[in-house]
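The following blocks contain the structures, represented as structure tokens.
Next come two complexes, and both contain chain A; in the first it sits with chain B, in the second with chain C.
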Partner chain A sequence: MKSAPTQFDVKQSQGEGRVQVTRSFTLQSAVQNSGAVAYVFLLPSLVFLAVFTLWPIVSVIWSSFRTRQGREQVFVALQNYERLFTDPIIQQVLKNTLFYVTAGVGFAVIGGLLLALLLNQGLRNIGFFRFPFLATIALPMVSVASIWLFLYSPRVGLFNEILAGLGLPLSNWLNGRELALPALFVVYLWKQLGYFALFYLAALQALPVDVLEAAKLDGITLWQQLRFIIWPLVSPTTYFVSTISVLGALQQIDHVFVLTTGGPNNATNMSLFYVYEQGFKYFNIGTASAMTVILLAVLMTMAILQFVYLERRVHYD
Partner chain B sequence: MSRDSVMYKLLVIVISILLLTGGASAQDPITLQFFYPVGVAGPLAQAIDSYVAEFNATHDDIQVEPIFTGNYTENMARAQAAIMSGQPPDVAILLSTDLYTLVDMEGVIPLDDYINSDEPLDIDDFFDAFMSNSTSAGQVWGIPWQRSTPILYYNKDAFIEVGLDPETPPATWDELVEFGKQLVVRDGDKVTRWGFEAAAQFWTYANFAIQAGQHLGSLGDDPCAVYLDTPEAIEALTFLRSLQVEHEIMPDGDLPWRTLPADFIAGATAMIIHSTGSLSSLLADVPFDLGTGFLPGGSAGYGANVGGGNFYIMADIGEERQDAAWTFINWMVRPEQIGQWGIDSGYVAPRAAAWETEPLKSYAAEVPQASTARFQLEYAVKEFPATIAGPEIAQITQQAVQAVYTGQLTPEEALLSAQERSNELLVRGGCELDD
Partner chain C sequence: MKGNARNWREVLPVVALAAFGLIWIVPMIWTLLAAFVPTTELLNDSPLVWLQSLHLGAFEDAWQVAPFLRYYLNTFIFVFGLLAIQLVTISLAGFALARMDFRGKDQIFFLFLTQLMVPASILILPNYQTLAKLRWLDTYQGLMAPYIASAFGTFLMRQAFKQVPKELEEAARSDGASWLQVLWHVFLPVTRAPLLAFSIVSVTYHWNEFLWPLLITSSVEIRPLTVGLALLTASSEIGAQWDQLAAGTIIVVTPIVVLIAVVQKQFTSSFMGSGIK
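Right after this comes the complex of A and B.
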């Protein structure tokens, strides 16, 4: 035992010339090592996570095996899940959701990157051009949707006025089966594209200038520059944007309320809106919970897949 | 401590004061929680809050706390969640068609004892059509408050323009088609004004079915009755579709309920069917002379169903609070009060006495459109769907109508499948259907 223990002993390892730092035991370092301090700092977040995320997950799984009878919630095993898969509208709902997710990711990544490339040009007053694309992020979806409702209106709306002016046949937009979902998607994209472009814009501005300049000296084409330099270098952003756009597409509900309420005949009914209808309109808490559990499972699987596979291929410099 | 000491006297005084105030606190006013929704356009929440404020100012022993809970759907969801958690509100306005759900949950109490108590209510004064959705198993469960019925709104200026009598709206389906064709205005291939619009919506369709001779649910007290697949029900939807494709007086495609007033105000259609609850806002917004009429009659004559919300008193809140809730309801539905509500909102005052009492009496003389819905009540019946799983069956019916309006299915296909899905829900909800 040393009479006056120091916290760190510095030993010189003769052979390799490295400095080795070891810790001798004190109470302070024990607390630090056990991570207790870290947990104390994490506690507020953990409490919120437990109350607003973990507990609801447990509770929704519990409810998904029960159904309401009178006032009671009685256990019905897997009946809610069975009902879910025999509900004639569920296929339509899943198809619509899948469309939103795939189109959402595609447009977020490709459209977002292209928009960011345009907004990254060294023009004078580029802020003037950037502003309108990025301003849509700040608008509340409900106001956006209310304005688009008027644009789409088949009889007094702007779009049909334009079609009529051009002598083209008029469209029913939200009121027809074919165009309702794409029309809804356009509203979502119009509002969110600037948000995705913002991440790409930040990534583009952080690109190493010397790499691009060296490539230019080598006579690289614009396409090659995009494909072999920019695309790989922004891949962490692509990873991030594709993740948040999937989550974003699955969470869309407010413009469905304002524009179509899921109609006509479920043409625009999507997973979250379906959960709302089952849970709060029909008060089928069991069915709504079962659907939520499935959504949750899909999201978790996706998150895991994305971490395992995508992250490996993401290039960090 | 001796009896004469100052301390002793002080103690007596303090204890007496405590006892006195304790006695007073037992007479603290009862505070009632009152859930209410707003279902139509307009500043209706302010109107309700101001009535409640007046009630509170005139009642020392009861204080009502109004809680705005969103639209009908959100309001009902909150009320149901509150009932299931064992902490219901004391009094609530909920849809009249929610009656069976509420009774099934044992969430509300019958009101007959109150109606005949020493704070009586003349229930026979309320219009029959509204009471039909307020009674079950021979008992009254709800007191009509914000009740409506759809009526025909038409543009009198457009009628004059095409040579029709502006005081004579179409009285039959045939006249509807005939007038509608005259009212359509075309610019080349494009229609700039349609003759008529009826929403692709269950409540609108249900009226046409009644006019064809088929009420879609039970006219009596059967929560298991849904009749979507009868020849008359199919005939009604076939007629609506023919207005789009054969007669071309109504635009093709889905017609959402909420877009009709905008089309009508903009002059994009000359006639619409909408709730009487829209009357106040239409009167304020249309830039032309507004006409109102009964819904045109079909082969079974005039017909309409009713809609809207009733007052309910909740179970499990104790007799004292239920008594107080009744005092509040009885005050709200006084003829002069519910008449004022009719003027403020556009809803049909649901009792005859209100129409003979100021301020509604003068208002009705001044604004003749306000009385159309009242007189149509003679032909009005119970609202559909007052059934088990009502909200879901309403939605299924609505989807069938939308499928027909968008040309996806024929009326027969759509309604047969809607009937099948409704039957499944009824059976799941405990109904026994005979095949």
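Right after this comes the complex of A and C.
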């Protein structure tokens, strides 16, 4: 709006004898002055935004097309991507990632909604019931992982104690190829389910009371109420929870570090952990960059879809 | 029959919630027990014996094995130092975007939006390279750098500032107050709630942060609690010092648990507002 601020405007507001001028044309000069001041206000954020969010995006795309040869970086077109997709373990990594993403969405939506319904039944002292689910949201993933490492421990862990008590054969949990990934996923779910439930809880509390009351009078079953009234009404929340659970699942790494470091035999190696391993353990910067670019593409697509969806809702609701 | 059905309908949800709660509570209790009861007794004796053998030995050991006091200090400097800087950057940027007109506003808005789409954890590789070039590895400014500009905080403040009546601003401006004075004396006092909401999210998020500090810190003087705990965990696994590990875990999480117990309500709403953390 209005003309852009010029050098002259800045000088004018700074010049001593001009204070009077500024005062008498308050509104107009406010608009003019704000231009230069706005850039000053934005500068600290913009500098760090540029160096630590925008530049890294450009630089990682750039380095995904290059590789080190001797002392120089040379352009290698798509070779890094070729190497990435011919890495013998990449299929395992993608499979594990896909498991986390799909199971993550499923449990976030169904488990989150179920937990929210249970927390929303108007019990007294609901704060007391809510606390454990809130607590895990706030706990560091590293501590959560330490807790579960202890639970899964073959010799002194709670789970094997229970199995032994029931006279069942003991399990290796995190050291077995089949159970390691699901065991890891349980830890992720234990930490995050309360977070997803929070959004459903807010949605449930915003439901129109009269609709629910009318439904009750009509004598429909609990299932019908859930399926035909609640589920459609909370669908925006379902969309939102799905999106953030995909974004969250793609970034899971802390508990992988503590519990399995990607093992046994890459059974729990996934998206971000793979980037870490390639970049910081094997120093395959090209491959790590290529994987980062793929993750970036997925995340940005998801985010854009989310914005488009929100935009639509704002316009047509 | 009908009475039974109604009972069933009322009792089942409570039972289900209790079952859910149990799954969430048991690991926490097991950790507490592991820290306060010697491991051998925890495994071989009955709960009655446990109560008699409660002790703090594991905490003393954990405290000695890892410099937790130093880690606490490091986490404090990182988390609250960063928060102080963020409060300045998000207030200034949010104010400019909410109340000022300037060329390129839409473009700048979009630049902030990019940060919401791309979580910092995805950019560890290029950001590590930048930090190495700046010689900021193993420094506090290195720990903080990727988070100093916060799109989430900026948008939160922009939204809050937009709701402040125009008259307040104009009155202050016509009294000759500078923009900075207007922001400080008129806008910030009435936007304490969003500032607090942002603070809760920022403190929790960075208190818990692991990957970035793991990559860029290498000395005891900078390393935060989470990385210290992970190191202890790695060594415990080999030596199976489970009681020390449990004690260490409790040392790390206590402040956060206390924080949410105190501000449970605000915590909930703040985290909902954060959407994508």
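Heads up, the rule we're going with is that the second predicted complex is superposed on the first by the 245 of 317 C-alpha atoms of A that agree within 3 Å, B and C clash if a C-alpha of one lies under 4 Å from a C-alpha of the other, contacts with A are read in each partner's own complex, and residues count from 1 in each chain.
By definition in this document, a residue touches a chain if its C-beta (ideal position, glycine included) is under 8 Å from a C-beta of that chain, and two chains touch if they have at least 3 such contacts.
Note that the structure is predicted; figures quoted are calculated from it, not measured.
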Which of chain B and chain C A:S235 touches, first, second, both or neither: neither
First, second, both or neither for A:N265, with chain B first and chain C second: first
First, second, both or neither for A:E277, with chain B first and chain C second: first
Which superposed partner A:S146 touches (first chain B, second chain C, both, neither): second
Partner chain(s) touched by A:Q225 [first = chain B, second = chain C, both, neither]: neither
Per-residue touch tally on chain A - higher for chain B or for chain C: C
Contacts of A:R155 with chain B and chain C, given as first, second, both or neither: both
Overlap of the chain B and chain C footprints on chain A, listed as residue numbers: 153, 155-156, 279-280
Chain B residues touching chain A - in the complex, by the definition given at the top: 73-74, 76-77, 80, 83-84, 101, 104-107, 189-190, 194, 200, 251-256, 259, 262-263, 266, 268-269, 389, 391-392, 395, 398-400, 402-403, 405-406, 408, 417, 421
Residues of chain A defined as touching chain C within the complex: 1-2, 4-5, 19, 22-23, 26-27, 30-31, 33-39, 41-42, 44-57, 59-60, 63, 115, 117-119, 121, 123, 127, 129-143, 145-151, 153, 155-156, 158, 161, 190, 194-195, 198-199, 202, 222, 240, 244, 247, 251, 253-254, 257-258, 272, 275-276, 279-280, 285, 288-289, 292, 295-296, 299-300, 303-304
Residues on chain A engaged by chain B in the complex (per definition of touch): 68, 70-71, 73, 88-89, 153-156, 164, 169-170, 172, 174-177, 180, 260-261, 263-266, 277, 279-284
Touch list for chain C against partner chain A, complex: 9, 13-14, 16-17, 20-21, 23-28, 30-31, 34, 39, 42-43, 88-90, 92-93, 95-97, 99-103, 105, 108, 111-112, 114-130, 145-146, 148-151, 154, 170, 173-174, 176, 179, 204, 207-211, 214-215, 225-227, 229-230, 233-234, 237, 240, 242, 245-246, 248-249, 252-253, 256-257, 259-261, 264, 267-268, 271-272, 275-276
